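One chain, subunit A, appears in both complexes that follow, with subunit B as partner in the first and subunit C in the second.
Presenting the complex of A and B:
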């Protein structure tokens, strides 16, 4: 299946910077199983003005199996991201995955998740609880506090 | 003599006696009518015995089995009037396989076909989608009709009824088939090759290798598999075409398996290793009555594995399910394994399967019964979806308060527990040895046939003795669990303990007899075998009844 990843890589390179907003690229071009992307915090969210590195790992059985994505630990305060590990709970990358989707699609899905958190299936209970209560002030406050004290600026 | 019918099919409807001893006609279990009658009598009589006096339990005039019978038999008539409060309804169940359940579903589909006016295969998919629940299917069908077909992917969204015909006449482009293509470039693997491809009416075409990987990956889910590119459903024929083998069978079986697991009130897998039978209990209403009277609904699969329908454990009489669960939990606590299980897993609040959370969010779906719950508070997920989140706090406070006092109590009970556990374990080990003995007996029977010219049926007393021995040991084993939880100072407990030692002695006696190797000697002592096995059988049911009485009277209080 490596042909598929290779094709995706070529397509990304050919399309150039403009089409690849999140700067999705392999960590090492000689090894296409580990990729990196940078997500810009969407406007109008507490993440605005911050950028977040995202790690993408391509499994052997890709594209039958979805890639796994992960933020560096303790960098992403988000209802669907486990703070201590950075793991992401997203249906697209689990039961909702089909082989027609690609790595860029996966990264876009995570980006969308930043703008539209889903408190129904939380990994960060604290934030999910606040979101459910509708306490946006506290919700935004905690995210901003976490981001300000995070090592990644 | 019972005539032994060989069961070619596994769809007998067994009618079990309340103590779980079935008198059906499987070739493996041949009770003589006499033995069966005796057993039934003895059980009935002991029923009444409790109300009259406890003489039977303390009856220690020991060795002659027939003495026991003469004591028991006249009483069985007296017991008739008291039977009402002691008996439970017979369990009606059937032994199935995933295959036979599937066949039943197909049968039902053929009936439903008249209502639906769609082809069998589509209807099968509909049933699969609705977890083989006819009512839900019919309800949705009357609601939505064609929309339902689109939703499940049995029909293209753009297609109308007339559109189907147009599409069909359009030619081969949109047919669901394998195509052979030169230099086909597959979207999934991005390889260009001359290969077979597959596509549905939607026109999403991928190479056969990719499709095969995709389908194989989904076979175990039991859900309808759709086109890689859209939600149009693959039918069973398509699946077989793609994989080149009857894989749709596997999909149907996994769908049936998930059906069985979801309906764990009525269906239960035989818990024995590698046994594929499923017990279907038609009416579960009597289970409460069983529990109230501290009986256990013991069932037997077509492979003669006997187990408890309620807790899927081996035959655990005289202990009831509650005692069994507590006891088993307790003994597991001793092991380091349990510590790991406790710290890393939780029990599904519905079906009690242990679940390890290895990632993902706190919205858990039990892979067994599909119950949705919250990992934090272990309660139903439904309220979490709407109101606010109450689960940020762990509820460990109560436990800590009790910790100090319970530590002292624990030290006290540990000594008592260790004693009973050793007894339990000893019987378990012996039961295992008996199992090996059972294997050897098979050889002995053959030897009898060769050397002594004994017929197969005549040699069966040996096999029967081993089975009786095993059942006796199992009852003895579990009786220690009952004894552990019982009030030792009570008179009935003392009687129970006496009964234990009587059965214990009887079991050892029989075990010794089974050690005999020379065929001639075995035949000489045939009556001994009958007597001792009969005695063990009697003592076993006496112990079981006495244990049940302890439970009913609240002298055995499992906490």
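Presenting the complex of A and C:
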């Protein structure tokens, strides 16, 4: 299946930087199973002004199986991201995946998740509980506190 | 003057025609509409595209390779790596769509439009595969039905949902369980996939 990843890589390179706003690129262009992207915190969210590295791993059976994505551990305070591991819970990358989607689509889906968290399927119970209670002040406060003390600025 | 023709070397080109069959009516040989050779140059003039470079050609949505090329596991295009056409007018390499439908995650849906993927039985190119697809989509419908019956979670059916609709840690457990199921299925599927290949493709 690596041919498919190769095609995506060629297309990203051909399209140039403007079409690739998350700077999705393979960690090692000779490998193409490990990719990196940088997500800018969406405006109007507590993540605004921060940028977040995202690791994307392409399984052997890609694109029948979705890529797996992960933030570095303890960098992303978000209801659908496990704080200690950086694991992301996103339906697009599980049951909602179809092989016509690609790596760039997956990264965009994670970016959208930053702006639209889903407290119904939480991996960060603390933030999800606050979100469900509607305590936006505490919710935003915790996120900003975590980000301010995170090693990634 | 007298000419002796010693040898003739005919050269042909072909490409898959994935245009809407309804448009085939005004073509010369409507009964051949899926074998009908597209006027390659004309098609490319219409698209304003260069002839080579798979970026510009119609590609299979799953492997992103040209319809006129092969799926990643084949070498020779054409009859050994044919296209199939769904009722939803989405075309894929037979091997690509089969590999996808043979997973639980597919739920038997077209990867493009998420309708139930069914072959258009009227098209000659689909004919050798009708039974195969019928049986696999039936098997998948049963598996999905059982999954849902045991989950008791009807919300799982909302495919457009961005998130699995479970709450708390159980969702996570289920997800990883699904994941390992998937991997097992994938291995079995690999065998059955090539099994089907032997049956269908000589």
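What we mean here is this: the second predicted complex is superposed on the first by the 153 of 153 C-alpha atoms of A that agree within 3 Å, B and C clash if a C-alpha of one lies under 4 Å from a C-alpha of the other, contacts with A are read in each partner's own complex, and residues count from 1 in each chain.
Following the convention adopted for this analysis, contacts are C-beta pairs under 8 Å (C-beta built on N, C-alpha and C of every residue); 3 or more make two chains touch, one makes a residue touch a chain.
As the structure is a computational prediction, the values presented were derived from the model and not from experiment.
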* Asked: Once subunit A from each complex is brought into register, does subunit C clash with subunit B or fit beside it?
  -> clash
* Regarding the shared-chain residue A:3, is it in contact with subunit B (first), subunit C (second), both, or neither? -> both
* Partner chain(s) touched by A:14 [first = subunit B, second = subunit C, both, neither] -> second
* Between subunit B (first) and subunit C (second), which, if any, makes contact with A:46: first, second, both or neither? -> neither
* Based on the superposed arrangement, let me know which partner A:96 touches: subunit B (first), subunit C (second), both, or neither? => second
* Asked: Who does A:116 touch here: subunit B (first), subunit C (second), both, or neither?
  -> second
* If you stack the two complexes on chain A, which partner ends up touching A:133: first (subunit B), second (subunit C), both, or neither? -> first
* Which one hits more subunit A residues, subunit B or subunit C? -> C
* Asked: What is the shared patch of subunit A, the residues that subunit B and subunit C both contact?
  -> 1, 3-4, 7-8, 61, 63-65, 80, 89, 94, 98-100, 120-123, 125
* Provide the residue numbers of subunit B that touch subunit A in the complex, in ascending order. => 187-191, 204, 210, 213-214, 217, 228-229, 359-363, 376, 384-385, 387-389, 391-392
* Asked: What residues of subunit C sit close enough to touch subunit A in their complex?
  -> 54-55, 61-65, 72, 96, 99-100, 103, 105-106, 109, 111-112, 114, 156, 159, 161-168, 171-172, 175, 178, 182, 186
* Structure fact -> The answer for subunit A against subunit B in the complex is residues 1, 3-4, 6-8, 61, 63-65, 80, 87, 89, 94, 98-100, 119-123, 125-126, 128-129, 132-133
* To do: Note which residues of subunit A are touching subunit C in the complex, please.
  => 1-4, 7-8, 11, 14, 61, 63-65, 80, 89-92, 94-100, 102, 109, 112-113, 116, 118, 120-123, 125
